[in-house]
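Next come two complexes, and both contain chain A; in the first it sits with chain B, in the second with chain C.
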Partner chain A sequence: MIPTPHIDWFALAPVNSLLAATGLALLCAVLAPARSRKAVTATLCGLGYATALGFAVALYVKSAHGHGVVVDAFRRDRLAELTAIIVAGSGILATVVSYRERWREDHIGEYYALLAAAGAGMIFFVGANNLLTLFLALEWFSISLYILCAIDRDRLSGLEAALKYLIIGGFGSAVLLFGSALVYGATGAIDFPGIAAAGHEHDALLLFGLAMIIAGLAFKASAAPFHMWTPDVYEGAPTPLTAFMAAATKTVALVVMLRILVTAFPGDAYVWTRALAVIAVFSLVIGNLAALVQKGVKRMLAYSSISHAGFMLIAVASSSSLGARALLYYLIPYAAMSIGSFAVVAARERELGVPVTFANMAGFGWERPLLGISMWTFMLGFAGFPLTGGFVGKFYVFAAAYRHGWTWLVIVGVLATLVSLYYYLGLVRAMFMRRTEDLQLAPIGGSPPRDALLQTAVVACLVVTVGSFFAVQPLIDLAKHAASSLPF
Partner chain B sequence: MTTALIVLPLAAALVIWVLPLNDVSAGALALLAALAEVGVWIQLAARYDFGQGGLQFAQQRNWFSDLHVSYHVGVYGFSVWLTGLTVIAMAAAIAYGFWAGRDRLRAYLGLMLFLTGAVVGVFTAQDLLLFYAFFEAMMIPLYVLVGVWGGPGRLGATLKFVLFTMAGSLLMLASIVVYGLSQNTFDLVKIGQSSSNWVFLGFVAAFAIKAPLFPLHGWLPDAYRESSPEVAAILSGVVSKAAAYGFLRIAITKFPEPAQHYRAPILALAAIGLIYGSLLAFRAPDIRGVIAYSSLAQMGLITMGIFSINDLGLDGSVLQMVNHGLVSTTLFLLAGMVERRTLTGELSRLGGMARGRPALATVLLTTGVIALAVPLSSAFAGEFLILAGVFRHGWAWSVVGAVAIVLAAAYVLRLVSAILHRDVGPAVSDAALDLRPAELGVVLPMLACLLALSAWPAAITQHSFRGDRPQADVAQGFK
Partner chain C sequence: MLDNWLPFLIYAIFALIIPASMMWFSFVFATRAHKRTRWRELPFESGVSTGPPRVQRFTVSFYLTAMLFIVFDIEIVFLYPLAVILHQLAWFGFLEFLFFIAILVVAYVYVWRKGALDWQ
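And now, the complex of A and B:
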C-alpha cells in the first residue's frame, strides 16, 4: 500500500472552496435553466470567493508560525494568506463587475466556473513551496485565463488577445519550466529551502536557471522587457476580466517572485537584487513612456500596470523586510485601484458600445459623478497623490530602495512618477475639463444603464483606495506579519 | 484646536458634495463654514500664548510607526498669522465665487473648502510626510479649479502648472525619504539638522517652483490669467505662501549649512526675480498680468528676507507674506470685479472708471497705495525690514530692493490710472456699475486687515518668533 501523506485540509480550504465553486458552476452551466444560469453561476463564483476569503482570513489568524504542509509542497503562512485575501477580494469584485457585461451569454456558466478556477490556481500558486507545485499552479491559473480571454467568441479582439496570451504565456511558462529544470540539475532539489540549502552559489547552471525563473515570473507580472503581451491582452480581453488580471495575476506573480527569490536563492541575492533593479527600471521607463502616447484608456492602464510592476519590483529588489512590507502594502491599494479603474472603463463601454478612449471619456465625470470621482481618485492613487493608498505605497517603496542604498532608484522612481502624471491627469482632464458636446459619439441607449452592482464594486474599491491612506498602521501590521514568514 | 481648523473645511466640503443642496443653500453653507473657520482661527489666535511662543495646540497621533511617521500638527507664532491669512482670504474667495455664481457651484465650493483645509494643513503640519501630503493635497483641488472653471486656455495652463509644481514636489519627496530615513524620524520638531546639499536642494526646488522664484516661474502667467479671479487670488495670495513657509520652516531651519552655502545664489535669483518681475509687471498689457508678475517680484523679496536669516529679515518676510497675501488677494478679486463689468482685462481698453464709481476708485486706490509700499503702510514696514535685513549681507542687495520699490510704485500707479483715470476706455460703458454691497463685503474686511496692520505692524513682527528673537529661534529649530 502506498503511504499517503498527512494533508492539512484547513490549509487547502481556500483553494478547495474555489474548486468546489468551479465544479458546481460547471454543473449548473449544464443543468440550470438558461434563464437563471447567469445568476446561479455568478452567485456560486462569488460565494466561492467569499468562502475562500473567509478561510484565508481564518488561516491568516491561525498561521502565526508558517510551516509547510502536504510533504512541504505547500506553505501555510501569513504571506500566502494575505495574498489569498487580496486575490479573493479581487475575485469577488471581478465577479460583481462581470455581471452586467454585455456579451454573448451562451457560455456564461463556464465563464464564472473558470473565474473561480483561476482564483483557486492563484491562491495555490502563492503557497507553492517547490518548483513542481509552482509550475502546476502557474499553468492552472494561466490556462483558465487563456480561455476566459476568448470566452466571448463574437469579439475578435478577445480571440486575438487570447491567442497572443496563449503563445506568449506559453513561452513564459516554458522558460520557467526550463529554469526549474536547470535549478534542479544544479542543486538536486526542487523544494525552495532545499535549493537554498544546497548552496551552490555562483554556479553558472544555477544562475542560468535563476535567470530563467525570474524571466518566467516577470512574464506573469508583466514587467518590461517581458511585457509585450500586456497591452494587447488587456485591451482585447473582456474588461471585467482585465480588471481581475491586472489586480490578481500581478499580485501573485510578484509575491511568488519575492518568496522564491528570498527562500530559494538567498545566496545569490547579490545577483538577483541587481537584476530586478534593472528590470524595474526597464518597466518604469517603458511603461511610462509608452503610456504617454496611448489613446485607448485600457491600453493606457495596461502600460500603467507595467510601470507599477516596476515600482513593486523595486520593493522586491531591495530584499529586506521593509521591502516585503512595501510590496504587500502597495498591492492592497493597487489591486483596488486596478479593479476600480477597469470597472469604470467597463461602465463607459457598456454605455457607448465602443472601446473607451480618452476622447470619448469627455464629460463623463459630470454625467456620472460617482464613477467620475472614483476614477479621478484611482488616477490620483496611481500617480501617488496623498489621500490615496498609492501615496503611502510609493513612499514605502522609495524608503525600501533608500534603505538598500539605492538612492538612484528613488530618483528614477520619482522621475517616472512625474512622467506618469501626464497621462493619469490626462484622463481626469478628459473626464472633467472637456465638454460632452465635443464628443461626436451618441450613447447607444437613452439614459445610461443603471448598474448598481458595478457601482457598489467601484465604491468598495474607492473605500479601499482612500481608506488605506488613513489606516496605514493596521495594514502595515498585516504586511509585517506576512513578511515575517520569509527568512530575512 | 489645530485639528479642528484642518478638519472643519474638509468636513464641510464633504457635506456640500454629498448633500443634494440647491446652489443658494450650498453657497450659504460654504460661506458659513468659511466664516466658522475664521471664528475658530480667532479663537486660536486669541488663546495662543505669544509671550511663551513655540509650538502650541500640538496634537500627535501615530500614523505608521515602523518608519516613525505620525499625524503631528501644531502652530508657531508665524503659523498663526499664515493660517489667519489663509482662512480670511479663502472666506473672501468663497464668498466671491458664490456671489459671482460659478456653474456647478457645489463642486466648486467644495473644492475651495477642501483647498482651505489643505493649506491650513501645510501651515500646521509638524511631520515631514504629513507636510508633503498636505502640500500635494493642495494640488488636487487647484488642478480642477483652474482646469474646469478657467478661461479658454485653461487646459494648457493647468498642464504646465501641474508639471512644473509636481516636478518640484517629487524632488522634495525624494529629499524627504532620504532625510527622514537617515534621521530615523519624520517628525519636524524632533528631526535633527542636516548638512546634505542635495537634500536641501530637493526641498528648495519644490519651494522655488511653488513660490515661484526666477527662473522657475514659467507656469505663473498662464495659471494666473486663465483661472477665475478668486482662484488666481488664492494661488498668488495664499498658495505661494506655502512655499515661503517651507523655506522658513524647513529649508533654513533644518539645513543651516547648505542655506549658508547657497545663500548668495538664492539671493541672486530672488533679486533677479524681483527686478525682472517688476519690469514685466510694468509692461504687462492686462490687469492680471500686472498682478501676476508683481507676485513674482514680491515672492522674490520675501525669499530675500528669509534667506538673510537675521532678525530684521525674518520678521520682515513674515509680515510681508501676510501683506502680500492680503494685497494680492484683494487685487485679484478687484480685477475680477472690473473684468465682470467690462468683459476684458486689457488695460488699453479700460480707463476712466473712477468717474461715478467712488467705491471702486477708493478701494482700488487704497489697496494700490498699500501695494506700492508708501511709508506708513504695512507693506512699507515689511519691505523696509527685509531690505534692512538683507543689507547685512551686502549693500548691493538693498539697492536692488530699493530699486524694485520704485518700480513697484511705477507699475501699481500705471495699473490704477489705467483702470480709473485717463479717458473712458472703449470697454467701459455707463452700465458698468459701482461695486455692489456684496463685493464691498468681500474686499473690505481684507482692506481693514491691511489698514490695521499698517497701524500696528508689530502685531506680526513682534509676535512671530519666540521671545521676538527670530534668528535665535531659527537657529534652535524653533524648539
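And now, the complex of A and C:
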C-alpha cells in the first residue's frame, strides 16, 4: 500500500472554488444559449469570487497558527488569507465593473472564466511555500492575464498590450526561474525555510539567484526599473481588467516578495533591504515624474501605480514587523482606490467611446456627481490626504522606514508625495474646475443610461477608501495578525 | 531462461508482423495499374517522397488538430503510471483519477462545442 498524502481541502477551498467557477463558466461559454451567456458566466465568476472570499475569511479566523499543507508546498496562514481576501474582493468588483463594458462579446464566457482562473492563480501564489509552487502559480495567473488583455480581438490597442505583456512578462518569468535554479544550486533546497536553513548567506551563486528573484517579482509588481510594460499594458487592456491588474497583481507580487525575502533569505537581509530601497527610490522618481506629463488618464494612473509600488516597497525594505503591517494595511485602501478610479475611467470611456484624457474629463464631476466625487476621493487617497486610508497607509510606511533608520527614504517619499499632488489634483481640476467654454457636458450621441452596477462598485470602493481611515484599528489588527505569520 | 525471453520474442514477432503486413497489404489492395513509373521505383520512406523538398501550404485545420491531439495525448500518458498502481493507491488514487478525467472532459466539451474538431 502506498501512503497517500493527507490533503487539507479547507486550506485549498478558496482556490478550488474559483477553479470550479472557471470550469463551469467555460462549459456555459459553449453550452448556454448565446443570449444568457454573459449573465450566466458573469454570475458564476462573481459567485466563485464570493465563495473564495467566504472561505478566505473563515480560514483567516481559523488559522491563527500558520502551517504548511500539501507536503509543505503551500502555506495556510493569515498572511496568505488576508491577501486572498483582498484578491477575492478585487475580483468581485472587477466582475461587476466588467459587466456593462462595451466590447465584442463573442468571447464573453471565456473572459469571465479566465478572470476567475487568474484569481485562483493569485490566491495560490500568495500561499506558495517553495520555488516550484511559486513559479507554477506565477505562470498560472500571468497566462490568464495575457489572454484577458487580448480578449477583445477588434481592439488593436488590446492586442498590442497583450503582446507587450506576454513578451516582457515572459522575460520576467524567465529571470525568476533562472534565479530559482541558482538558489537551488547554491542551497540544494527549494522550500523557503529550507533555503534559509541551508546557511549559504554569502555565496555568490545565492546572491545572484536572490537578485534575479527580486527582479522577476519586481516585473510583476511593476516597480522601476522593471516597469516599462506598465503604461502600455494598462492603457491598452480593457479598463475593467486594468483595474483588476492594478489592484490584485500588484498586491500578490508585493506580498509574495515580502514572504520569500523574509522566510527564505533572512541571512541576506543587509543586501535585499538596500536593493529594495534603491528600487523604491527609482519607482518613486520615475513614476511621479513621468505621471506629470501624461495626457491620458489611464497612463497617468499607470505611472501612479508605479510610484505606489515604490511606496509599498519602502515597507518591504524596512524588513520589520512594522513594515509588514504597513504593507498589508496599505494594500487594502490601495486596491479599493485602484479599482474605483479605473472604474470611473471605464464609465467615462463608455460615454465617449474614445480613450479618456484630462481634456475630455472636463465637466464630468458636475455631470455625474457621484462618480466625480468618488474620483476626487480616490485621487486624494492616492496623494495621501486624511479622511482616506491612503493617509494612514503612507504614515505607516514612513514610520517603518524611520524606525529602520532610513530618514532619507522618508524624505524621498514625502517629496514624491508633493510632486504627485500636481497630477492627482490636476485630474480633480479637470473634472470640476474648467471654464464654462471647456465643458463638454453632453457627450456626443446623448447620455447612455446610468450604469447601476458600475456605480455600486465605485461606491463600495469609496466606502473602503474612507472606511479604512476611520476603522484604522481593526484593520491594523488584521494586518498585525497577518504579519505575525512571518518569522521576524 | 527461455521464459524470460518469451515476452520479448512475442513482442519481436509482432514488431515484424505489423510493418510486413502493411507492406503486403499495400500490394494486395493496390487499385492502380502495375505500371512502373519513376516515383514508384524509389524506396518507400515512411510516406515521405525522397525528392527535393517542395514548399507546401497546409490548411490551418491540420495545425489545430495536431495541437489538440498533442494536448490530449500527453494527458493520457499521465494515466498509464496511475493505472499500474491503482490498487495500491486505492480510493485516493481513484478519486484523483476521476478528478483528472473531469478536467479533461471540460476541456473536451469546450473544444468540441467550439467546433475545433470540425474539419473546415
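One rule holds for everything that comes next: the second predicted complex is superposed on the first by the 475 of 488 C-alpha atoms of A that agree within 3 Å, B and C clash if a C-alpha of one lies under 4 Å from a C-alpha of the other, contacts with A are read in each partner's own complex, and residues count from 1 in each chain.
Keep this in mind: contacts are C-beta pairs under 8 Å (C-beta built on N, C-alpha and C of every residue); 3 or more make two chains touch, one makes a residue touch a chain.
This structure is a prediction, so every number in the text was calculated from the model and none was measured.
Trainee: Considering only the touch criterion stated at the top, classify A:26 as touching first (chain B), second (chain C), both, or neither.
Mentor: The answer is second: A:26 touches chain C but not chain B.
Trainee: I'd like to know which partner A:462 touches here: chain B for first, chain C for second, both or neither.
Mentor: Once the two structures are laid over each other on A, A:462 reaches no partner at all.
Trainee: Contacts for A:337 in the overlay, against chain B (first) and chain C (second): which applies, first, second, both or neither?
Mentor: neither
Trainee: So in the superposed three-chain picture, is A:223 touching just chain B, just chain C, both, or none of them (first/second/both/neither)?
Mentor: A:223 contacts neither chain B nor chain C.
Trainee: Should A:1 be classified as contacting the first partner (chain B), the second (chain C), both, or neither?
Mentor: second
Trainee: Give one of first, second, both or neither to describe whether A:53 is in contact with chain B, with chain C, with both, or with none.
Mentor: A:53: touches no partner chain.
Trainee: Overlap the chain B and chain C contact sets on chain A and report the shared residues.
Mentor: In the superposed arrangement, which is not itself an observed complex, chain A uses no residue for both chain B and chain C.
Trainee: How about chain A: which of its residues touch chain C in the complex?
Mentor: 1-2, 4, 23, 26-27, 29-31
Trainee: Contact residues on chain C for chain A in the complex?
Mentor: The touching residues are 85, 88-90, 92-93, 103, 106, 109-110, 113-114.
Trainee: What part of chain B is in contact with chain A in the complex they form?
Mentor: 62-67, 69, 104, 129, 132-134, 136-137, 139-140, 143-144, 147-148, 154-155, 158-159, 162-163, 166-167, 170-171, 173-174, 177-178, 181
Trainee: Contact residues on chain A for chain B in the complex?
Mentor: Touching chain B: residues 322, 325, 366, 380, 385-387, 391-392, 395-396, 398-399, 402-403, 407, 410-411, 414-415, 417-418, 421-422, 425, 428-429, 432-433, 472-473, 476, 480 of chain A.
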